[in-house]
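Chain IDs A, B, C, D, E and F follow the sequence of writing; residue 1 opens each chain.
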């Protein structure tokens, strides 16, 4: 059974967003969108989460935090960058304190465009993430069977794309 | 016949010997080691020879011995008086004088001096007590041999008076044996006074102002009980009653209720029941073996010993019920107060007070099942508490603190000591360990009396669960790497802790046997009934025990390459090492984890006041009841 | 519009505490403290009471001269002062809550003290003396 | 003040009895408004590669290539501010009210533009319509941190 | 130090939707010391004025924050307009007022939900956010965005709202308002809510004023201060009374915000039917030169925009002092001696908006 | 009950309790969602979650965590088996306490501040609820003269008649045991917490699943305890359980989380009033009205 499809638990971290995407992520949980229909719970604890939703770009101070959260999530895990800021740094990419999108710090699996990303888009993004979760789960199993060492979970740190 | 006498006089003789040659460390430790071994062996031998036998009474030539007894009595009084006068303790002086006056009236008051045909006796309960004194006491002395040099190493300001220390300890052991073998109330009282004296000497061992103060406190409060005891003897003599324990118990409730109440009152002081509990807390200044020996496993048990002895008298009387209430109050409040304590020895002290309270409650209720519970409580408590005191003492030497908070991660710093503490704690409150078995029985037995008592037990034991668990948690929690620990633990300490740990666990397995071999005869003798423990319950308890024993095996499974070790959750603010985080100001800061002490609810001062008030009120009611 | 009147007062650093104290006596509230990087550094203290907004302007040639903190008069001023310290490198003495340069942990120290990029504004004069951003202590 | 009892119980039971407010999204969706800003689309036939949208886009999401004759947009940069639509002189850009779907790879949508600059005039192409007067015809290039664009259609980042 | 626990609270923390961090020193569960730290969202967008011209900067101003986005855009434009001496068309003023109030309602309703979440009242959170969607619908229909309005521009508004739509809005709002009553009654009357709010995080009138608290924080401590009385946009033509409570605790702040929601509905009832016809924007010529301090009322209180132009398209300095920033010192004061369980509640009752505070 | 019946009952409990509790949890989530105006997850969601958790990577802060959790699960099951095989009620309660202590110790051992605070709060919750549990046992004893569940179950008259206070008290602490608002101090199912996930913060993946499983067993056990009050009338009993569970959900949805002080004080006071009160009244009635 594809269990990860049915029970993806999320954690949301606000890298350095303007709050616009943030409150849209929260809005997903509320009655109008109610993502619990899809088995999604906002755990608030990286150790319980499968999907990391990050809004906002990364700055000096949030970088180690994002890394820690990512590191503390058990495999399989998926990162969804929500909003333009998280995807590319958006309108703030020229600021002195930005390090760029989330992919400057950890590998991103799904980019959700929109400024602010709409709840519908966020749901779409999470749904895409579900397939990736299943895939990663399968890879994990294969690895375990092959007794291969787990790949280093910490991302190749300073790979700044674009 | 010979064994009890041997058990009484051997330690006394050894005490004398130690007083003479104890100045030399080698001689002292050799004598103490031999002494502890002999005492333990003697107690075991006594057990073996009395197994499945009825109570034996030893007819001695009492009138021949009485001058000697009287002489010792006078000697004790003089010693106490000297102590009181030298310490300028007015109240103590008055109490000693009052006691002397009462006893003088007994001896010289012109009454027919009651004869006790058999001043000594042994029954299965005395044997149980003797086992505790001999085996647990012996182990504690063994521990002390290794412990005391370390103690002096740590407390360099304290003058080394180990000679008198070990002498007092053996004096105490002798007195204690005498106490449990005495059938003659006068003899019992003498032994009682000697233990009080030893307690005074040992509490004040370090001679610091605090120790001296607390030693006097102990003396004072215990003497209040002593006066009551003497009063009881006088009452018996005046009313022409017997001074033989067995005859008093046999004489039925109506006749002897007043003296029994007085003796039990003395028992309250000795067992540090509220409102007299403060001395036991003060006694914690003494070295740990003293706390273990006198203030948890043996001497304070003398207090509850008289309760158990007189349980048939107290049964179903208002007096008994009031005593039960005092015990229940003590159990409830002492358990609650323990929550607010972070000093390990104070926690142990409060827990001791609480458990003695529970025993008092059971014994005062006095039905067969309750007494069964009381005796088992005495056994389990003596073993587990002794273990805890000794282990805390050793831990204190290795980490330099007796604060629970400093025991953080002891499991990785001092695994064996930590394990001993954990076993001791588990023995105190977890199923299927002993204390819980007896609590189980206690609740059922108390239900038959008055629901107020088990209600207090229910609340109190919930409180015990809180402080024990958090202590265990502290030992198990590993936040930081092990900070350096001081001094090694001596061989003797290790032995003692190992045996006591084994005993704590072993008792859980063999208590059904103890129950039927030793407790049953006692109950049959006094009540004619014995409630068998439900077999299914024993079975499930054994299963639980086996599982607990088996669970640590899962820790052996180390070949767990699938487990990824990661940092704890710190809101994402982790910095490299596991206990550091990025603070608001500065670069790194360590997390600190401390237990809860819930002082706003369980604050010592507030609850003590309530507890003292309640128990005092109960004692006032008792006085009214007794005098009408 | 019944907008309050706004007045600007130019003061020197040593007049600051006195001026602020008289604002407090007048019953004003501290509205904000703002630092600007122009050719010089400019610190603007704004106070308000009903119907009035008053600004105290201090011009500083560079960001090396420390300013006295007004946090003993207006307890809330530490937030602004720490912020200015971290963004402009200006030091304030006598802060009641001192973040020691950890208020905003920026990628580069004192980023706002860097003058505007000259080619961006054809009309803007380049700053008289480009001041190297001060390191956080 | 008098407190009404059970205020929350009423709300909770009320909700229990009412139909849920949920619009079960992937299955069903709330209609979008005409005004909703979703994504930018282009009528490439109209575009004359005048570069204004490229220059004025606040995030630099649009890249117009006059030699390669393409109009490209990085939808992960576009903040749907509608500015390009406002400034496009040919009114060939439009803000649709549907959103870009999330993507797993960064990509840039490149649209070939059929526009051929009028041959006779060698001048740089001037927009047919005059630019809005509040804007200078030659906007100053904002000094941007990195104005470089990825012109690959697919730039894998994972 | 004996029995004190030191823990980091945040930056990632489920009850704080935004990253802020507190060094908490607690004893049992009493907070002995709490020092907040900032900078997780600091972008430094004020410096972007050097790179974006003053018209484009409106987009950035709107993205200072996604909650109070509209007023940011509008406040920035208002400041620039004043510097440039522009009087915007009347219809634009009224539309700005309408959007401001819509933004206030959505912000306060959102906050009510978050507050409920902070004291573990999931259902109440859901109830608030369910109703908030009704407001967001109105916002989206009129401005095109749910949270980022994108409707402010120097010289007026970027889009007009058709009259038929304007005529429809009051009914939509009325429906939300009616349902909201039941929910706000819970905040007012529910036992457990009052347990968690009454007497918690008390801030005296004097402290609030001295420490520079603004907005509902200040008004809940008994100071009647509301920048809308300054009469910007169309506020000079409508009735606004500052809403004041005196208790100064979390409950008072909640009440202030709740009453402000209804006040905003009331204002909208005055505004929407009275939006005058006419253009919504005007041509801008030239560049700003000079400086101005604009003061507006955000949902969280008084916000300051300082604009200094030098006659070019690029401003010399843009500065925004947001209400959250001003409310930080009082927050520190309130956190002392509270319960651990109160920490999120107290933090939330200043209605923290970190992206606003750190910019 | 003879031995085979007992063994059968034990196995049935082990096999069926998770299914029952899981379904109940699913139902709980749906009803909660409806009370919040949402659709909510599918009925089987708790099972999806559980199985997914078992598939996750295993991470931990140290190597001793699983030991304690194993103890937690094991002794919860033992408590349940003891109960459903008609064993001794007090032993059941003690075993349950032992299980909780294992859980708490696991969280302590993790050495992380959040799980530590969670553990302390869990202890407070245990301390708040334990007296009532013990008193329920005492109540049964006074009413039936035995702690044996078999005997209590076989009682011809429903115990609710003599022990209404106990029933109320048990419902009260059920709220604590089910970790429902306003008593979800140590951890909570979904609503956010000042201490994140509290006691479960450091347990991830399979470990979390073990906790969930143990919690399910515990839930069934507690419901079984409630059932005893109506034992002679099974239909009424089931109806009562449904009503009680609904009330729990309602309470969860209509209350804020309260302080530990409040929880402890209120629980002990309530226990003293309804529990001890009932016990004492019953005691004197049984004595024939002569105190």
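FYI, contacts are C-beta pairs under 8 Å (C-beta built on N, C-alpha and C of every residue); 3 or more make two chains touch, one makes a residue touch a chain.
Source: prediction; values computed, not measured.
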Which chains contact both chain B and chain C?
A, E
Closest to the centroid of all CA atoms, by its own CA mean, is chain F
Where centres are the averaged C-alpha coordinates, which chain has the largest centre distance to chain F?
C
Chain whose Cα centroid lies at the greatest distance from that of chain A:
B
Computed distance of Cα centres, chain C from chain A, in Å
39
Can you give the whole-Å distance between the Cα centres of chain D and chain E?
27
So what's the Cα centroid distance for chain B and chain F, whole Å?
36
Residues of chain E that touch at least two other chains are 5-8, 11-15, 29, 35, 37, 39, 42, 44, 47, 50-51, 59-60, 63, 123-127, 130, 133, 145, 148, 190, 313
Counting only residues that touch at least 2 other chains, which ones in chain B make the list?
562, 564, 566-567, 569-573, 582, 584-585, 591, 593, 595-596, 598, 600
Among the residues of chain D, pick out those that touch two or more other chains and give their numbers.
8, 11-12, 15, 20-22, 24, 58, 79-81, 140, 142-145
Give every residue of chain A touching chain E within the complex, in rising order.
11-24, 26-27, 30-32, 42-46, 56-57, 59-62, 65, 69, 90-92, 94-98, 115-116, 118
Over in the complex, which chain E residues touch chain D? Could you list them?
50-53, 55-56, 59-60, 63, 123-124, 127, 130, 133, 140-145, 148, 150, 158-159, 182-183, 185-186, 188-190, 194, 283-285, 313
The residues of chain D that touch chain E in their complex are 1, 3-5, 7-8, 10-12, 14-15, 21, 33, 35-37, 56, 58, 79-83, 86, 95, 133-134, 139-140, 142-145
Chain D residues touching chain A - in the complex, by the definition given at the top
20-26, 29-30, 39, 58-59, 74-81, 99-104, 106, 144-146, 150, 155, 157-158
Note which residues of chain B are touching chain C in the complex, please.
584-586
